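In what follows, chain A forms one complex with chain B and a second complex with chain C.
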Partner chain A sequence: METILVSLAGGLLQAFEPLNLFMIFAGCLAGLLVGCMPGLGSVNGVAILLPVTFLVPPTAAIIFLAALYYGAMYGGAISSITLGIPGASTAVATVFDGRPMAQAGKADKALMAAAIASFIGGTVSIILFTLFAPPLAAFALKFGPQEEFALMLLAFATFIGLGGDDIPKTIFSILLGLVMAAIGFDIISGQPRMIFFDMVEFQRGIGFLVLAIGIYGIGEMLWTLESTKGKVQMHNVTITWARMKENFGQIKEYINSTWVGSFLGFFVGTLPAAGATPASLMSYGLSKTFSKDPESFGKGNISGVAAPEAANNAASTGSMLPMITLGIPGSPTTAILLGGMIIWGLRPGPLLFQESPDFVWGLIGSMYVANFATVLLNIALIPVFIRVLAMPFTLLTPIIFVLCVLGVFATTDRMFDTWIMLILGVGGYLLRKLNYPVAPAVLAIVLGPLAERSLRQSLISSQGDVTTFITRPISLTCIILAILLMSYPLIQRMMRRRTAEPSEN
Partner chain B sequence: MSILKTLTFSAAALAVTAPAALAEWQPRKPVEFIIMAGTGGGADQIARLLQGLIEKKDLSPRPFIPINKPGGSGAEALRYLQDKAGDDHTVMMTLNSFYTTPIIQSELGVDVTEFTPIGLMAMDTFLLWVNTDRDDITDLDSYVETVKAAGLDWKVGGTGSGQEDSVLTAMMEAAFEYEVTYIPFPGGGTVAKNLVGNQIDSTVNNPSEQMEFFRAGNSKPLVQFTGERMEAFPDVPTAKELGVDIEYYMQRSVNGPPGMSAEAVEWYTNLFSELFNSQEWQDFCTSDGLTCDNFLNGGDLGEFHATQVVAHQNLIEQVGAAAITGE
Partner chain C sequence: MTTRTAELLMGFATLLVSLGLMWNVWSDGLRIDWVDGRGPGAGVWPFWLSLGMALASLATIIRWFQGKTPESQSLEPYIARETMFLVVVSAVSILVLLLLMTIIGTYLSLMAFMLFYVRFLGRHSWGTTMAFVIGTPIFVYLLFEVALTKYLPKGWPIFEEGFLWLDNFRWQYF
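Our next item is the complex of A and B:
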């Protein structure tokens, strides 16, 4: 413990060196900008700016890139809230409630909640990282395919309750997402499957962002056009000190979801297979399941913004853990960071903590400081971000449309995906008109491939014996939790039916 | 709209920061550096090292963006490159699944000899690894004995059916007359992690994938499938020394899509040859057990590919495609 504190103090001192401090602020700002552009995520940001870091010492370099990574996690929330387009895959869950809040003229509240939740998530995560990095790395090693599958099951379970009372429609939506996730190559045998109309383009599958931007960007745009009949909408909010203070005071409403998101996010982030996107979706689902007022989720509940934002920031710190201790990246962005570390002459792996303590502790120290930097920058910039909403909707709609098309094309570089995105957008709009929840489909397309791979790996290794999932303690625990979670909304509903009059319909 | 404007400008500013080197043809936009395998594996590490060196030495006016396309044992990447025919801004880091995947999945419609050869960066090697916890396994004999006793309960991790390690696993099954359960993972890094976590029993990882765990004492090599002992592993016997005729290498070459323009090929060839001769690359080769003596390019590399395709066809015929795909 004492050695940890001494090392940490050294790390913090390093983080406060002028160059490093500058790197933190520069990184956070760059991350914010990259994150809020749809189609440009932290992956692209880190890849594009990696060369800049060769001009400075390795510690300053990783500090810059790590700060950029956090900044981007928050930046994603900005376009999710203000425009309803997920800026990055990690910010999809933030759209669910962030966008309705913005439409109700509460964009500043949503942005504030996102900033504070991100800060708490990041801080909790880095404290856990500091104290328990080595034992957590050992724990992550215990996660084989069986445990991964059980965890995915748990993630799906958190979403069964997401569709409100209509469980059959939720299951339909999940299945729709799973079918889309299965398009492309079979992940075990490598055979092409579900290639519709024999179009080779389908071999590359349907990307997650294609679906998310379609459903939330285009679908949302159509929905708003219909509901307002093209009437000019104004959401202009004047930011005053009083309003800021009031927004800050709202923290009580979402603090519980933030804690849940922080711990869950860190934990899921440390597992090499998962990453920040599943973490934020799971956190949203859990927070809704255990909310006193689950019906208000998806309609502008502030906890629905805080939960995923806390989780994605916590997960981005968490995913540094397998990178540093095992040399295995927990997310696509850390994969690029890993490349950077090799160039700087560092060999990430079990020995890094002993062989390059200055580097590791400098990085850890900078994470604390970077969290402060991001939250300050974000809160300071809220008045700028919400100016976007002051635009008349007739002007905003074409901009959203262009950003959606651009965002998808920038990610995959294919017109085919852009068309698919538009088709899915219209499809998503129709589903919404028919009262189908679309969020579960988004969850399924993210988790589907992870779940499929781990299920098949488990069954191959047990030679087809399904009891392999219940004979392993961690896997069994997750499965029991999943069953409990799945039945929780049902039990809740029965309780409510018993007490309340059946007059809801 | 000031935010968006700033963003557009800053994005544009980023794109033009690198100073242009003098050459007739040079990239006009970021180059997609496709990796036909998952993150953390040998190909991935190499591609990311090369990308970093390109940036560090300022060898390209536009950045190289590494993109992993591990789906279907590299089928996804091969198909992608095929569809990019005629494109001058996409190159791919390949491994032996470059040969095996199109053979096993004939319906993929990819002929790798049509791709544009750019440069052979290294020949990678294979070792047989087990967790250090396995006190009962000290050498190849005790390994074979243990595997035979375990039968299908013995789990070998790999990077996908049809990938080079599954070919090597099938070769070992044929040579030692045992049968194991082969579990595919999305990349060599994940395989290494699962070996250290005891989720699998053995693997034939490349040295770079196990090096850090080996140095930390988490995993141990039993045998190397090379002609001679490598500098990095002086105490590990080769299979040939032990009387087992298995010698298998992995090519690490960079290739472009079919129909790349001659000017672009020249530019990329110069770029990768410069990287090949750099001190950093040669050091990496030594520390990670790669053989980097000759830089093959152009027609020589094309011929090399053609020979390798035939060799792998024979190999797959010998052990049977079913042994590799596990069907």
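Our next item is the complex of A and C:
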């Protein structure tokens, strides 16, 4: 415990260094802006802005992106409440009660509740993160390639078992990402693989950012253009100092839901397929179930705003736990952060705590500061964000497109990649319209090279004996869990059939 | 095209892509089995995973015939006519932007892209349009060329020389 406190103090000091502090504020602001724009969420912001962070050292870069991730969770509530359109999928549940509150002229109350709940959710989860991360990383040091591979299998199994999407389509998406990661030179034999049409450009492979920006930049904007038809409808918000003080005093009304959301969010967030969106929906459901007045949910109950907002912030921090300690991202956003860490020359995984303690603790310290920074910026700048939201899509869209194109070019210096980005973006959009989940593909392209390497290393060291994965206890546990998760939808279907049968009889 | 038809076509398209990937690995002569003394061959990972993709696509096609997916029963249009315009125009405008970048260079094509998107698609005032047309290249220059020291595509030599003539002022005076 003492070492944790000492390291944390070091991390906090680092967070207060001028550059890092500036990055925290810049990240929070960018996150709030990205989060509040309909259609764009943390994952889009992180994907589009990652190339820009090469300006600063890795620690400052991850601090910026983590703050952005965090800020986007706050920002999502702004458009959910004022526009009735979720700013990001993570803020879908906030619309249920936020929108009716805004229609009843209580938008300011809802916005304040969202900010406070987000702050509490964020704080709880950062404390949990600080407590859990070092022991988990220490435990993960025992991992060999077998365990690494089994863990990745588990991560993909959660998408199949808990993702809630069509299973064959989810599997296709995962495998597509894994295969795309294999394009280029083989890591072990050095042979070129999948050089389509003999184009030499394929020898360098397809970077994860090309896919991520294609899908979350281009594809997402096309999707948003379609769903909003380029127009938005806004509610008026009146904010005065006296009303803000009054709203702050009403915290008692929703504090219980906020606590539930905070703890639930953190733990759901650590699961790879789950993340902030299901966490916020589950939290909403739970506080409705345990409410004394469940009827009022969906009609403007303030707890219905606080519960999902606390949960999505907590989940965003939660999803960083497996990324930092195990090198397995807990959400698409953290998958991109993980890819970024590889570009910065860091090796994600348990060794990070030993090899780059400044990086890890600087990040953790910054999350504490970012939490305060975001709540302050959020409350102070609500009128500004509302102005931004009124910005027509035909102004926002070209800016995003330009950032996508130049961002991809800046990471690889090749026009070829921008073409691939466009193809993947449009392809991703067409697939998504048919309910193919795209997040697993992004996660898979990041984890692909790591998964292939660990599989081959394991098999080489065991001389081809596949039982090496089940003779090691940690790896065996992960594989059993993965099988259980993959068969979970089947079990669920069988149980449903069994409960349906007696009622038919 | 209805969503129903689109799902079937997509199922076949993904199946074809998967088989194409398998064929690609196979025809390149990569080993897809165990190589004595060296472990799994270079083609093992992409080949067998592509087979998995093919099977997943097949499953989607079978489920379509059984009517199990919600999309296979949906007669809604795949892309509604009213939104088709915005989506297609946006995608094509990026395509043209990329093409122009290799011909007239990044900055001029960005100006053309902004002019098209803000003025002709967005129907904003000339004031807003010009702010975007002029502001975007300046912002891009400062962020990418100055701060990130990236040499963005400059197009054909004549356009590149034009840019370098302008860029020279930066080195001379700043």
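Everything that follows uses one rule, which is that the second predicted complex is superposed on the first by the 277 of 505 C-alpha atoms of A that agree within 3 Å, B and C clash if a C-alpha of one lies under 4 Å from a C-alpha of the other, contacts with A are read in each partner's own complex, and residues count from 1 in each chain.
Just so it is clear, a residue touches a chain if its C-beta (ideal position, glycine included) is under 8 Å from a C-beta of that chain, and two chains touch if they have at least 3 such contacts.
Quick caveat: nothing in here was measured; it's all calculated off a predicted structure.
With both structures placed on the common chain, the touch criterion links A:Leu338 to chain B but leaves chain C unconnected. Looking at the shared chain after the overlay, A:Gln203 reaches chain B, while chain C stays out of its contact range. Once the two complexes are laid over each other on the shared chain, residue contacts for A:Leu222 go to chain C alone; chain B is not touched.
Legend: residue contacts after superposition of the two complexes on their common chain; A:Lys142 is shown touching chain B, with no touch to chain C. Contacts of A:Ile460 after superposition on the shared chain: both chain B and chain C are touched.
Of the two partner chains, chain B and chain C are each touched by A:Ser189.
In the superposition on chain A, A:Phe54 makes contact with both chain B and chain C. When the shared chain is aligned, chain C comes close enough to touch A:Leu178, but chain B does not. In the superposed model, A:Leu326 makes contact with chain B only, not with chain C. In the superposition on chain A, the residues of chain A contacting both chain B and chain C are 51-52, 54, 186, 188-189, 191-192, 399, 413, 460.
Against chain A, in their complex, chain B makes its touches with residues 1-4, 6-7, 10-11, 14, 17-18, 30, 32, 39-40, 44-45, 48-49, 51-53, 55-56, 58, 63, 65-66, 68, 71-76, 79-80, 83, 101, 104-105, 107-109, 152-153, 155, 160-162, 181-186, 189-190, 192-194, 196-200, 211-213, 215-216, 218, 325-327. Across the complex, chain B is touched by residues 33, 36-37, 40, 44, 47-52, 54, 140-145, 184-192, 200, 203-205, 272-273, 322, 326-329, 332, 335-336, 338-340, 342-343, 347-351, 384-385, 387-388, 391, 399, 413, 453, 457, 460-461, 463 of chain A. Against chain C, the residues of chain A that register as touching in their complex are 51-52, 54-55, 166, 168-169, 171-172, 175-176, 178-179, 182, 186, 188-189, 191-196, 218, 221-222, 225-226, 229-230, 392, 394-395, 397-399, 401-402, 405-406, 409-410, 413, 415, 418-419, 422, 426, 429-431, 433-436, 452, 455-456, 459-460, 464.
Looking at the complex, you find that chain C touches chain A at residues 3, 6-7, 10, 14, 21, 24-25, 28, 30, 34, 38-43, 45-46, 49-50, 52-53, 56-57, 59-60, 63, 69-71, 78-80, 82-83, 86-87, 90-91, 93-95, 97-98, 101-102, 106, 110, 113-114, 117-118, 121-124, 128, 132, 136, 140, 143-144, 147-148, 150-153.
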